[in-house]
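Next come two complexes built around subunit A: one with subunit B, the other with subunit C.
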Partner chain A sequence: MAAAVALLLVLVGAPLAMLAAQSVFIDGRLSLEAYAEVIGRSLYYQALLNTLIVGGGSAALAVLFGTPLAWAVARTDLPLRGVVRTVTTAAFVAPPFLLAVAWVILAAPNTGALNRLVTTIFGTERGPFNAYTLTTLTVVTALHTFPTVFLLAAAALESSDSSLEHAARLLGAGRWRTTLRITLPLVLPSILTGAILAFVTAIALFGSQAILGIPGRVYTLSTRVYQVLGYPPDYGVASALSMALVLLTVAALALQRRALGRRDVATIGGRGLASERIALGRWRAPALALCAGFLFVAVVLPYAALGAVSLTRAWTAGLVGANITLDNYAAILFRLELTQRAIGNSLLLATLTASATIALGVVIATIDLRTALRGRRLLDYLALMPLGLPGIVVGVAILELWLRLPINIYGTLLILLLAYTTRFIPLAVRAANVAIGQVDRSLEDAARIGGAGRWATQRRVTLPLVRSALLAGWVLVFVPTLGELSASVLLFTPDTITLAVAIFNFQDNGKVELVSALGVVLLVLASAVVLGARRIAGRPVLEMASAPPPA
Partner chain B sequence: MGTLRLESLSLRYPGRDAAAVHDVDLEIADGEFVALVGPSGCGKSTTLRLIAGFLRPDAGRILVDGVVLSDRNRVVPPERRNMGMVFQSFAVWPHMTVFGNVAFGLAQRRLPASEVRARVRAMLEMVDIAGLEHVYPGQLSGGQLQRVALARSLVVEPRTLLLDEPLSSLDAKLRERMCGELKALQRRTGVTFVHVTHDQAEALAVADRVAVMHAGRIEQFATPREVYLRPASRVVADTMGAVNLIAARVVSAGGTSADVRVLGDPGLILRVTASAALATGSEALVAVRPEDVAITSVGPGVEGLVAEATFRGTFAEHIVTVGTERVRAHTLGHDLVEAGRAVKVSIDGARCILLPPL
Partner chain C sequence: MRTLLAILVLLTSACGGSTAPAATATAAAGAVTSAAPSPVDMAAAKAEGTVSWYTSTPQDTAQKIADLFTAQTGIKVQVFRSGGEAVMTRFLTEQDAGRVAADVVTTSDTAPFNGLARDGKLLKFTPRGAEVVPASAKSADGTWISQRLNLVVPAYRTDKVTNPPTSWRDLADPRFKGQLVIADPGFTSIAYLVVHSLARDLGWDYWKKVAANATMIVQGHAQLATTIISGERAVAIEADFGQLYPDVQKGAPIKMVTPTEGVFLINSPMAIPAKAPHPNAAKAFLEFNLSKDVQDLFVTLGTYSPRTDFAAPKTYPELKSLKIIAVDYDAAERENKKTKDMFSETFK
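Coming up: the complex of A and B.
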C-alpha cells in the first residue's frame, strides 16, 4: 500500500505539483507574472478562444454524427449494422494525428487530392477546401471523437429497459413520439457524457492542432505550449498555459458530474426485454446510404488516401503508373536508421508501459476492492487524476520535474516511460478495477479456506479469471502508447525518437510519402496487437472499453 | 476435530455505529450440527467469517480444543485452519473442471496424485455426482454446483465445515431435499457443521442446536424444540416463526406458575409457567404460536370474529379479532373458517410463554 502510494506520488503527484509551482514561481520568488502574461497577451487569449471553439464545436458535431448513427445501429433494422459498428470502433486504433495528416493530403490548398479533383472536373483555378483553418480543424477533430458519443449512446440505447417504452406505447404514444419523448431523454445523460468526453479529448489533441492549425496560424493552448517551449524555453508561461488546459478539462469533467448527479444513468441498465427495433421500411436504403456515406468520408477516405500516398514517389502526382512504388516502406523499414529506431523505441515503450501500468493497476484495484486499508480512496483518486491532464501537460510537468532533479534521465527512454505511465495509468486502473470487480469475492475466499495462501489464491484463482479482461486493458494502453505524440514531442531526443514524433517531424518537413508509410506501419502494428489479443481473449477487446484511448 | 469455542467475540466494521458482532459466546461440540439463524444484518455471516479467519475480532477469542485461532492480535489465516466453507453463490471456480475444483485443497496439501484421484472420486460418489469429473461448472445445475462445493470442502477432511446460506440460491423443492442430504452428510462424516441461514424452518430442520442471533448478539442457543417451543425472549419467539404476543395481566402468582388474564375481561385465564416471580397485578406478554390457538364454533373460549382467512394448503391462517386484540390462529387446511364468522377462541396455557411487557 505504502509503496503504491509512493509510486503514484512520484508518477502523478510530483509532476503536477511541479507544474503548479512553476506557474507561480519566477526566478525563485512567488509571482503571478506568468498568468498575467497569459491573460494579458491577445495571442494567448486567442489561443484559449480557439481551444474552446475546437472543443465545443467538435463536441457538438460529434453528438450530431454519433447519436443518429448509434440510434440507427442500436434501435433500427438498418442493414449491415455490424459493419457500421465495426468500422466506427476500428477508428479507435488510429492515433488522431494520422487523421489530420490524411486531411492534409485530401484538402491542402491547391495540392490536396479533393481540391485537384474539383479543379480537374470543373476547370476552376482553385479548389474549395483548405485544410489549415479553424473550421477544418474542428470538423476533423469531431471525426476523431464521434465514436465516443456513438459507443456511449449505443450502449445506453441497447440496455435501456424496453418496458419503459412499452408503457408509453400502451398509453397511446406512437413509435416516433415514444422515441422522442421517452427513448432520447433516457439516453440523454449518456450522450451528454459522450459530448463532454469528446470536448476533453478534443482540447488535448496536440497533434491535429499542430498539423492543421500551425500552417494556417491557428494557434491553440496546446500548440502555444509547444511553441513557448522552443528556444529559448519559457517554463513559466508554458506552465500557466498548461494550468489553463487542466482547468478547462477539470471544469468540463465537473460539469459532467453535476449533470449526471441529477439523472440516474443506472436506471436505464434494467434487464427488461430486448429493446425492439424500429422497422425503417422504405427508409432503409436511404438510411444505409447516409451511414455508409458518412463512414466513407470519416473513416475510409482518409485512411485510403494515407495508404495510397504511401505507395507513391511524389504524392501530388497521384497513384498512377511509374509513380507507384514500395520504396517508401523500404526506406523507413530498412534504410533510414532514424525510423527503424523510432519503430523499435515505440514498440518497446508501448510494451513496457502497458505491462507496467497493468501491473500497477492490478495492485491498486486489489487494494481498493479487496482490503479495508485506510487511504485506499486516495490511491484511486491519484490514479485517476491524469484523466484530467492533456498529454502535452504531462510532457511539460515531467520535463520540469526531472530537469530540476539531480537524477539525469532527460534524453533517456526512461523519461518517456514515466510520462506514458503517468498518462495511461487511469486506463489501466479502470480496466483492472472492472476485471477484478467482476470476480466474486467468495471465489477467492473458497481458495483461502481450501488451503491456498494469498499468493496461491491470486495465482490459481484470481489471475486466471481476469486474464482476458486484463489483456483487453493491456491493449487499451498499448495502442495509444504506440502512437503517443503530445507528451513525447517535448521529451524525445534523436536517440529516443518515437514513431509518432518521427511522423510529426517528417510532416513538418513536408515528407508526406514517408509520413504516410510510417502511418500505415503504425496502423498495422496497432491492428495486429488488437487482433492478436482478440484471438487470445476470444472476444473483441476494444469494445470492452466504452471510451476511446486519449490522444 | 475438536470443540470450537467463541469467547466474548466482538467486531465493529469501520464507519458503523453498532457492532456487527457483540460479545458472542458459543461452544460447539465436536461433530455437532449448529445453525446460526437470524434476520439479515444480525451478525450471523460476520460470525461465520470470523470463525473462518477472514475477519479479525476487535475483542474476544476463537479457540479449537483450547488452541487460540483468533484474537485481536493474531489471526491464523483461513488456509491454515483446516476448515471448509460452502458459500451462498457456491463459489465453484469457473475455470476449473469439477475434478480441478475438488482436487484443489488436496493439491494444496501436496498429496500424491494417485491419492488425490482416489479421494476425489470417493467424495464425488458420496455427494452423488460421480462421473462429472471433467465437466466445467458452466454446464452444471444449481444442485450439482452445490454438491461440487460440498465435495470440495469435505474432501480435505476439515474439522469444521462452515456453510453460509448454502441453500438460499436453490429453488424450494431442491432446498428441501438438500436439507435432508446435508444432515445425512454431516452424520456420515462426523464433521462439525456451522450453518448460517435466515430461514428458521431450515435451521430447525437441519441442526442439533440453533443459535438465534439478533443485533450482533446471541439471544438463545438451544435445541430446535427449545428455541421454538420455549423461546427465551420475544425476539427469539419472533425469529423462529409466527407468534402471537398478547397483552396479559397477572391475576395470581406463586412459585413456578402464574395465572394471567388475556383477551379482555373476563377474557381467558391462562395458567402459564413463570421463570421469575411476578407481582400480582403486573403487566406481561403472553407468546403463543398460531397453531396453539384453537378456534371452534361451539365450546369454551372467548368470543371472536374471523376478520381474514387464508387457505395455505396444509393449514389455514386466520386473523381473529377479540375486542381490540388481533389474534392469529392456524387450523388444518380442511378446517378453514370463512371470514365474517363468529368463533370461540381458546388457548392452552401450557403452550404459552410468559414474557416481560413491551
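Coming up: the complex of A and C.
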C-alpha cells in the first residue's frame, strides 16, 4: 500500500507539484510574472477562446453524430448493425493527428483532393473546403471523439431497463414519443458523460490543433504551450498556460460529477433485459444510407486518402501511372534509420507502458476493492488524477521535473515510459477495477477457506477469471501509447524518437507521402494488436471498456 | 539500396562538378585567411564508428550527405533533421541536462553558435577547405564554419501571379491577399532572421500589413517549398530558394524575386560540441561537408558554396553581384524572445 502510494506520488504528484512551482517561481524567487504575462496578453485570451470553441463545439457535434448512431445500432432493426459498430470502434485505433493529416490531404484550400474534385467537376476557381480553419478543426476533432459518445450511449441503451418503455407504450404513447420522453432521459447521463469526456479529450489534442490550426493562425492553449517552449524556452509561461488547461479539464470533470452525483456510468455495459428493437420499416434503407454515408466520410475516406497518398511519389499528382510507388514504404522500413528506430522505440514503449500500468492497476484495484486499508480511496483518486492532465502538460511537467533532479534520465526511453505511465494509469486502473469488480468475492473466499494463501488465490482464482478484461485494458493502453504525440514531442531526443514524433517531424518537413506511409504502418501495427487481443479474448476488446483513450 | 543511392549521388555530383573548375574566379566578400587545418585522426574516427548529426539541412540533402559519408568511410551517420530553432532548442536542453548526444550541429542561425563559443561549449577545429572560406562564413576562433550559404528571397508562381512583387515591401500590398505563405520563425532560424531584420528595416507595421494579407504559416522551409510547388499558395515570402531549385530546374513555373532592398544570404554554421561523444568521427564528418563532393551537391541543388573556389549554382547571380541585407546576429540573439513575442502578437 505504502509502496503503491509512493509510486503514484512520483508518477503523478511530483510532476504536478513541479508544474505548479514552475509557474510561480521565476529565477528562483516567488513571482506571479508568468501569470501576469498570460493574463495580460490578448493572444492568450484568443488561445483560450479557440480552445473552448474546439472543445465545446466538437463535444456538441460528437453527441449529434454519436447518439443517433448508437440508438440505431442498439435499439432498431437497422441492417448491418455489427458492421456499423465495428467501423465506429475502429475510429478508436487511429491517433487523432493522423486524422488531421488526412483532412489536410482532402481539404487543403487549393490542393486538397476534395477541392480539386469540385473544381474539376464544376469548373470553379476554388473548392468549398478549407482545412485550416477553426470550423474544420472543430469538426475533425468531433470525428475523433464521437465514438466515445457512441460507445457510452450504446452501452446505456442496451443495458437500460425497457420495462419503462413498455409501460409508456401500454399507456398509449407512440413509438417516437416513447423514444424521446422515456428512452432519451434514461440514457442522458451517459450522453452527458460522453460529451464531457469528448470535451476533455478535444482540448488536449495537440497534434490536430498544430496541423490544422497553425497554418490558418488558429492557436490554442496546447499549441501556445508548445510554441513558448521553442527557442528560447519560457518555462514560466508554459507552466502557467498548462495550469489553465488543467483547470479547464478539472472543471469539466467536476461538472460531470456534480451533474451525475457520484454515479460512474462509464463501466462495461452488460446487456440488460432484452429490449424490443424498433422496426424501422420503410426507413430501414434510408437510415442505413445515412449511417453508411456518415461513417464513410468520418472513417473510410480519411484513411483511404492516407493509404492512397502513401503510394504516390508526389501526392498532388494523384494515384496514377508513374506516380505510383512503394518507395515510401521502402524508405521508412528499410532505408531511413530514424524511422526504423522510431518504430522499434514505440513498440517497446507501448508494450512496457501497457504492462506496467496494468500491473499497477491490478495492485491498486485489489487494494481498493479487496481490502479495508485506510487511505485506499486516496490511492484511487491519485491514480485517476492524470485524467485531468492533457498530454502536453504531462510533457511539460515531466520535462521540468527531471531536468532539475540530479538523476539524469532526460534523453532516455525511461523518461518517456514515465510520462506514458503517468498519462495512461487512469485507463489501466479503471480497466482493472472493472475486471476485478466483476469477480464474485465468494469465489475468492471459497479458495481462502480451502487453504489457499492470498496470492495463490489471486493467481489461481481471480486472475484467470479477469484475464480477458485485463487484456482489454492492456490493449486500451497499448494503442494510444503507440501513437502518443503530445507528451513525446517535448521529451524525445533523436535516439528516443517515437513513431508519432517521426510522423509529426515529416509533416513539418512537408513530406506528406512519408507521413502517410508511416501513418499506415502505425495503423497496421495498432490494428494487429487489437485483432490479436480479440482472438485471444474471444470477443471485441475495445468495446469492453467504454472510456476513450485520451489524446 | 543505400549504395545505389550513393552511386547515383556521386554520378550527379560528378556531372554538376563540371561547373567547379570554371569557378576559381568567384570570390565572396571578405579576406580569406585561416589557421592551418587541424588533422583528422581517421583511424580513431572509424573506431568510434558513428556520428550523430543534429541539422536543419533539408531532409533529402542531409540524407544524401550522410549516405555518401558512410559509403566513403564506413562510419554510420545518425541524422536528426528538424527546423533550425527546434534543433538548437533540443541541443541546448540536452546540454543543460548534461547529456550531449550530438557530434555535429548545423542550423542557419550564427548567433547561438557565437554564444556557445563564448561559453567554451564548442570544440575548436579547422577543417581542410577552411582556407578558401571567407571570414564572413566562419568564426575567428575556429569553433564554427559555414556548410552552405542560403539564398533567401521571395518566390512566386508564374502561372498564378500576373503582377509579381518586386520588393519585400511589396508583399504588404493587398493584391497578395490570400496568396502569401511564410515559415514559422519559432521553428526555423532563417525565417527568424528575416523577420527580425525586416522588422528593423521596415518596422513592425510592415509585418502587420503582411499578416493582414491572410498569410499562411507553415513550419519549415521544406513545407514552404511544398506549399508553393503544389500550388497551395502562390507567393512565398522568404523562400530558402535551394528548396525550390530542383523543381525550378525541372520546369516548375516558379520564379525568384530579386527585391530592390536586397536579398538575404544566410550562413549555415557547423560546429562540434565540446562534449561530443564521437569527436573524431565528428571532425571527419564536418570536414567532409566542406569537401568537393558535398559542395558540388549543394551547388547542384541551388545553394551557394561558402568556398570561394566554387561557382554559383546555374541561373544564380554571382555572389559578389548580390545586394545583401545585413543581418545583425548579436541583436537577433538579444531580441529573440521579444521578436518572437511580437511575431505571435502580430500573426495571432
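To be clear about the criterion, the second predicted complex is superposed on the first by the 539 of 551 C-alpha atoms of A that agree within 3 Å, B and C clash if a C-alpha of one lies under 4 Å from a C-alpha of the other, contacts with A are read in each partner's own complex, and residues count from 1 in each chain.
The criterion applied here is as follows: contacts are C-beta pairs under 8 Å (C-beta built on N, C-alpha and C of every residue); 3 or more make two chains touch, one makes a residue touch a chain.
Just so we're clear, the structure is a prediction, and the values are computed from it rather than from any experiment.
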Next item on the list: In the superposition on subunit A, see if there is space for subunit B and subunit C together, and answer fit or clash.
Entry: fit
Next item on the list: Quick one: classify A:449 as touching subunit B (first), subunit C (second), both or neither.
Entry: first
Margin query: Between subunit B and subunit C, whom does A:464 touch in the aligned arrangement: first, second, both, or neither?
Written below: first
Margin query: Touch test for A:79: subunit B only (first), subunit C only (second), both, or neither?
Written below: neither
Margin query: Residues of subunit A touched by subunit B versus by subunit C: which partner has the larger set?
Written below: C
Margin query: Taking CA centres after the superposition, what's the angle at subunit A between the directions to subunit B and subunit C, given in steps of 10 degrees?
Written below: 150
Next item on the list: Considering only touches as defined above, state whether A:13 meets subunit B (first), subunit C (second), both or neither.
Entry: neither
Check: Touch check for A:505: first (subunit B), second (subunit C), both, or neither?
Finding: second
Check: With the two structures laid over each other on chain A, which partner does A:68 touch: subunit B (first), subunit C (second), both, or neither?
Finding: neither
Check: Taking the superposition as given, does A:227 touch the first partner, subunit B, the second, subunit C, both, or neither?
Finding: second
Next item on the list: Taking the superposition as given, tell me the minimum C-alpha spacing from subunit B to subunit C, whole angstrom.
Entry: 49
Checklist line | Those residues of subunit A which subunit B touches in one complex and subunit C touches in the other | finding: none
Checklist line | Touching residues (chain side subunit A, partner subunit B) in the complex | finding: 372, 440, 442-443, 445-454, 456, 460-461, 464-465
Notebook entry, point to check: Where on subunit C is subunit A touching in the complex?
Noted result: 1-2, 5, 52, 54, 58-59, 63, 76, 78-83, 85-86, 88-90, 92-94, 96-99, 101, 112, 184, 186-187, 211, 215-220, 222-227, 230-233, 336-337, 340, 344-345, 347-348
Margin query: Residue numbers of subunit B touching subunit A in their complex, please.
Written below: 14, 52-54, 77-81, 83-85, 87-89, 91-95, 104-105, 108-109, 149, 152-153, 156, 162
Next item on the list: Quick one: which bits of subunit A touch subunit C in the complex? Just the residue numbers, please.
Entry: 41-43, 46, 108-111, 132, 214-217, 219, 227, 229-234, 316, 330, 334-338, 402-403, 408, 410-411, 493-495, 497, 505, 507-512
